[in-house]
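Okay, so here's the structure we're looking at.
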Amino acid sequence: MIIIMERNATKENIKTVMDLLKEHGFRAILHEGEVHTVIDALGDKTTLSFNRIEALDGVSQVKPVRSPFRLASRDRKEEDTIIEFDNGVKIGGKNRPVFMVGPCSVEDDYEGLLKVAVAAKEMGCQFLRGGAFKPRTSPYDFDGLGEKALKYLYKAKQETGLLVVTELMDASDLDLVCEYADLIQIGARNMQNFRLLKAVGKCNKPVVLKRGPANSITEFLLAAEHIMYNGNEQVVLCERGIKGFDSSYTRNVMDISAIPVIRKYSHLPIIADPSHGTGQRYLIEPMSKAALVVGADGIMVEVHHDPSKALSDGKQSLSIDEFKRVFSKLNKLIDILKLENIGQYAPFEQV
Amino acid sequence: MIIIMERNATKENIKTVMDLLKEHGFRAILHEGEVHTVIDALGDKTTLSFNRIEALDGVSQVKPVRSPFRLASRDRKEEDTIIEFDNGVKIGGKNRPVFMVGPCSVEDDYEGLLKVAVAAKEMGCQFLRGGAFKPRTSPYDFDGLGEKALKYLYKAKQETGLLVVTELMDASDLDLVCEYADLIQIGARNMQNFRLLKAVGKCNKPVVLKRGPANSITEFLLAAEHIMYNGNEQVVLCERGIKGFDSSYTRNVMDISAIPVIRKYSHLPIIADPSHGTGQRYLIEPMSKAALVVGADGIMVEVHHDPSKALSDGKQSLSIDEFKRVFSKLNKLIDILKLENIGQYAPFEQV
Amino acid sequence: MIIIMERNATKENIKTVMDLLKEHGFRAILHEGEVHTVIDALGDKTTLSFNRIEALDGVSQVKPVRSPFRLASRDRKEEDTIIEFDNGVKIGGKNRPVFMVGPCSVEDDYEGLLKVAVAAKEMGCQFLRGGAFKPRTSPYDFDGLGEKALKYLYKAKQETGLLVVTELMDASDLDLVCEYADLIQIGARNMQNFRLLKAVGKCNKPVVLKRGPANSITEFLLAAEHIMYNGNEQVVLCERGIKGFDSSYTRNVMDISAIPVIRKYSHLPIIADPSHGTGQRYLIEPMSKAALVVGADGIMVEVHHDPSKALSDGKQSLSIDEFKRVFSKLNKLIDILKLENIGQYAPFEQV
Amino acid sequence: MIIIMERNATKENIKTVMDLLKEHGFRAILHEGEVHTVIDALGDKTTLSFNRIEALDGVSQVKPVRSPFRLASRDRKEEDTIIEFDNGVKIGGKNRPVFMVGPCSVEDDYEGLLKVAVAAKEMGCQFLRGGAFKPRTSPYDFDGLGEKALKYLYKAKQETGLLVVTELMDASDLDLVCEYADLIQIGARNMQNFRLLKAVGKCNKPVVLKRGPANSITEFLLAAEHIMYNGNEQVVLCERGIKGFDSSYTRNVMDISAIPVIRKYSHLPIIADPSHGTGQRYLIEPMSKAALVVGADGIMVEVHHDPSKALSDGKQSLSIDEFKRVFSKLNKLIDILKLENIGQYAPFEQV
């Protein structure tokens, strides 16, 4: 890290910083400038945090040189992480992007869910998604069927062969969710619920981690780092829209460039969720395409057998007919990008 | 709520909406305009959510007329909520603003903590704050002493008579934290951890709920609503800075106007945390004053016996000497505002 | 518009609102609810603004039913606006997306500019872009060559047949800029410089209007409305990134979904500028592709004959070689999308 | 500045950077680390911008050590700038905070304006504000009376002795505005209209510069720098609210901490505008108090003789009666802060 001292820092201030650095095994080089004194320090940040140094008298700024995430960084692991499931489905690398579809919440209507699952299988999707435990901004909204929903998902899996992805909201439900799910989702509002990250870090199921709506890319990768640091390296990232200053037309601003940025700085796979990213049914098709051409490893979309009756998120869900129309186009786009070698499969070799 | 139909909505679309409303016991009045058709609907939103209606064909927008929070609203309860502790300390209403001070994290140095507690008592503070479980953006940062910290806080309480406030990060620690704390803090990153809100809603300790850095005032009050809905009406709100587009000078943007806004729309007490709100030691004094003159019911500030050695948040902590200088000014300001009747005690009678 | 009265509005308050509406020729319908009174008002908002009504006692909220922009709205004009230039080039509708490339600022090196222009022509671009007058955040930065730059651009046009697009910063330069340019650019920082909008509204050259980095889509379309209202309907919109909360990886957040949103609500053509949108050279290719698949009518990219020597924006400019590699891919993508009918040409018929 | 090279930067990359720095007279010191190479460079940034260096191959980041504004910086001039008017009124330093009040737009009703001016004089205000030229988001809104308004303001000045402050929207009106105004306002939307900044930089009237709603503090001070660099050092800054993610309760987020931050880093006076900062009449009193206790050098508030009939901004204007009630409280607050030496007059000596 680089430590910039205040213009009027005393010799003593500088000595205190240098001593602290040495005490923690850092190699520190002092550059006394005409205006500012600057210290370059090389060492293990786990033993001495920025905070400690910033709080010292006479210190103006502490600037990182290396990214604060390590396990998630491409610096540590150059090749793409590929996550493989029992049935051979793979996410990441040069594999065909995966599709995860299903209702926002699993409702008490197994036939409805099965209709979606059957259509999903038909369109080449690999995952059935659906909420059993739902985080809701208001206590007056439907918050999920719980275990019953997990059972419905599992039943639909047995009938269609689709893998199951569902959200875990609390560490105390981990065993239950693991019993039924193939991929555990950590929702956007829980991206910095560190206890939950620790819990899924200690289990051996793949995790899909959604970006918090007001979290930076660094915070996002550090949340993945929490999971990896606790032992689970099977993390799929998911961009699902960030908070903007205008929500008249879309619920969030879908940060499409986060996808190529993350592919550059991290080896973890990244997928996109245009349902939450935009909150608008008519934007699912264009934004899915956008995510795919910039290199997303998959798409997660809300599909409901009857959106007008959905207990949650109907406005951003596709009906089964719409889903088929949209996804046949997405499949075609993927085929072409691959054939022509103009997209997705090698986004960073080109420039 | 008011439902605005699309310009080209069909008669059938309109009928579907009207039928759904009637089915759920709403009184719906139809206004067929020349350009748009508008439906006014009055009824119990708990039985039929916006989402359901928005998802219907032909519906352009659904606009609320009443605020979505109820228990937290001044519409339901005009007089200020006052929270009273065993030792007679009160938060809210026309009571003197309270002070909550202490280190960001409790460290393994009881003497240091006690020094802060003794100074706090001397300056008229009512609460000792300190983290036992710390949420950390990076897994490489210090994350708290756990139960040992709780014991230190409790011991300092016995020596000074200060009440203890500390953060709860996970429902599984609730019993432990309740044993030692007088006021349970829900941190900003957990503001929408609904399981945690439910858990503290079911206990009978007062809760201080910090605003999430990217959460609107409505979302903030709905988070309080989750706690109240589950049975606990002793909620203190805390403004602690929101995410801005520029973090060069301050860590967050402290939303001072949120304090009078919340006092207008809710009966719950609201305090301010200028340490997290600004991230800068030199801003604690002016921003504490700002919070007090607009009507804050209290101030929470990080104080450390040696900020340059703090394991977390040293940059935004006051030393004991600084704390004494600043808080003697804050006490003087409160005295004067009260005497002259120009502030704090009746902020909304005036215009 | 819909006017919602306060819960405790008096009969007199309501009468004042009704009288004002009638006085201005509005048709107002009163709905006295059990809790709230709501007034539906239909009339010409040009004679009575929201502000007037909102300021009345007892009024809680005034909510628009129709969009505030009219000339720019698809409600007024269903078919896409197509802008045609003397040489037959067309922007908008089902025409092939156009490319506008060139250096951020025109520098005092005509040969360098010509190299870019020749390469642009070769790759099928239609426009040469380059700044003669540069808005600069700091007064110490290079602010353009002025008229000399305009002459260079014009000379390059004569040699290559490319059309010229350049920024107008002040109404007093309008005649000068019109002499040399085919398309006048209004920069992001001037999006709400209403005098400038009025000035270009009164001239008969097409205008490309860049979205302000913190302006909503409604404000963006209202800025276009200013130009159209003053007589010039040849407006091309340009998405170039909005302000986010994190600028560690990208200069702005490129709001890709704004493209399909604007295509839905407005008939005006919309292009994208990934150079400013991201500020990163390596993101130009993926983000150009994203813009094209969601329906952009063109792409504007900074290309410099030697980015490492550029006086401005070198970091987000492509070299000539990179430009050729990237644009051959973009051309291929456009060809395929057209052939397969999976993109761009009819983005909203599909769902 | 500090230049951090990419991990895989070649010796040649490093040499190119060093050569460029030397060519421009910089003193450059090279630190070859084990992981990263870092270059400290000291020199005149006016001759070589960040952009040039950032665009070089192998450069990862360029980090400033000194603030980019100079004339506006306290580093250059430690004592507060005080702006003095012909009638002895002073803004800045330890002078009593000034009050600027008046209608948003001057309307065609001189008697109404005079009523406000007389009340303003009575309450000890120093300035009468009012718009003659109004920037309006929509072309359908009232955009000012023009010169007639300037004449009304001037007439009211002659009757009351108040100084006149009014907005300049275009350089071509400069002479006209200078004829009537004592203090020229540059509006928030024009904060980065560099031609306008240059124009007022070349005149000898004091300028009040409003912060753009999405501009950082550095951009704000650089806008002031543009004026100062062109010769006019009489600049008053004005905080008037920044864009947030939620506009349900307030139009903007008033950035109160910007006031003490700017007082720390700049010697220029800074005032606050709670009318625009909040957009809500009931927030003018508390937010004016907040601005005063953190050290604002003045308050600008919209006052209208009949807000319910105001052609613009009625919702955020005080009536004359409300104005008198609020400002008598503000006067009292200022008196007390001064007497007790707990606020305003020495905000930074304390910690």
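Letters A, B, C and D mark the chains as written, and numbering starts fresh at 1 in each.
What we mean here is this: a contact is a pair of C-beta atoms (placed from the backbone, for glycine too) under 8 Å apart; a residue touches a chain by one contact, two chains touch by 3 or more.
Predicted model only: the values in this text are computed from it and were never measured.
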item	value
From subunit A, the most remote chain by mean C-alpha position	D
Interface with more contacting C-beta pairs, comparing B-C to A-C	A-C
Intercentroid distance (Cα basis), subunit C paired with subunit B, Å	40
Euclidean distance of C-alpha centroids - subunit A vs subunit B, Å	27
Geometric centre distance via CA averages, subunit C-subunit A, whole Å	31
Subunit A: positions in contact with at least two other chains	214, 243-245
Graph class of chain-chain contacts, one of line, ring, star, complete, other	complete
Footprint of subunit B on subunit A - complex, ascending	16, 45-46, 49, 51-52, 54-57, 68-69, 135-143, 169-172, 189-190, 192-195, 212-214, 219, 222, 225-226, 229-230, 243, 307-315, 317
Touching residues (chain side subunit C, partner subunit B) in the complex	2, 4, 7, 29, 31, 33-36, 38, 40, 42, 63, 65-66, 75, 214, 243-245
Contact footprint of subunit D on subunit B as seen in their complex	214, 216-218, 242-246, 248-250, 253-261, 264-265, 277-278, 281-287, 289-291, 293-295, 318, 322, 325-326, 329, 332-333, 336, 340, 342-343, 347-348, 350-351
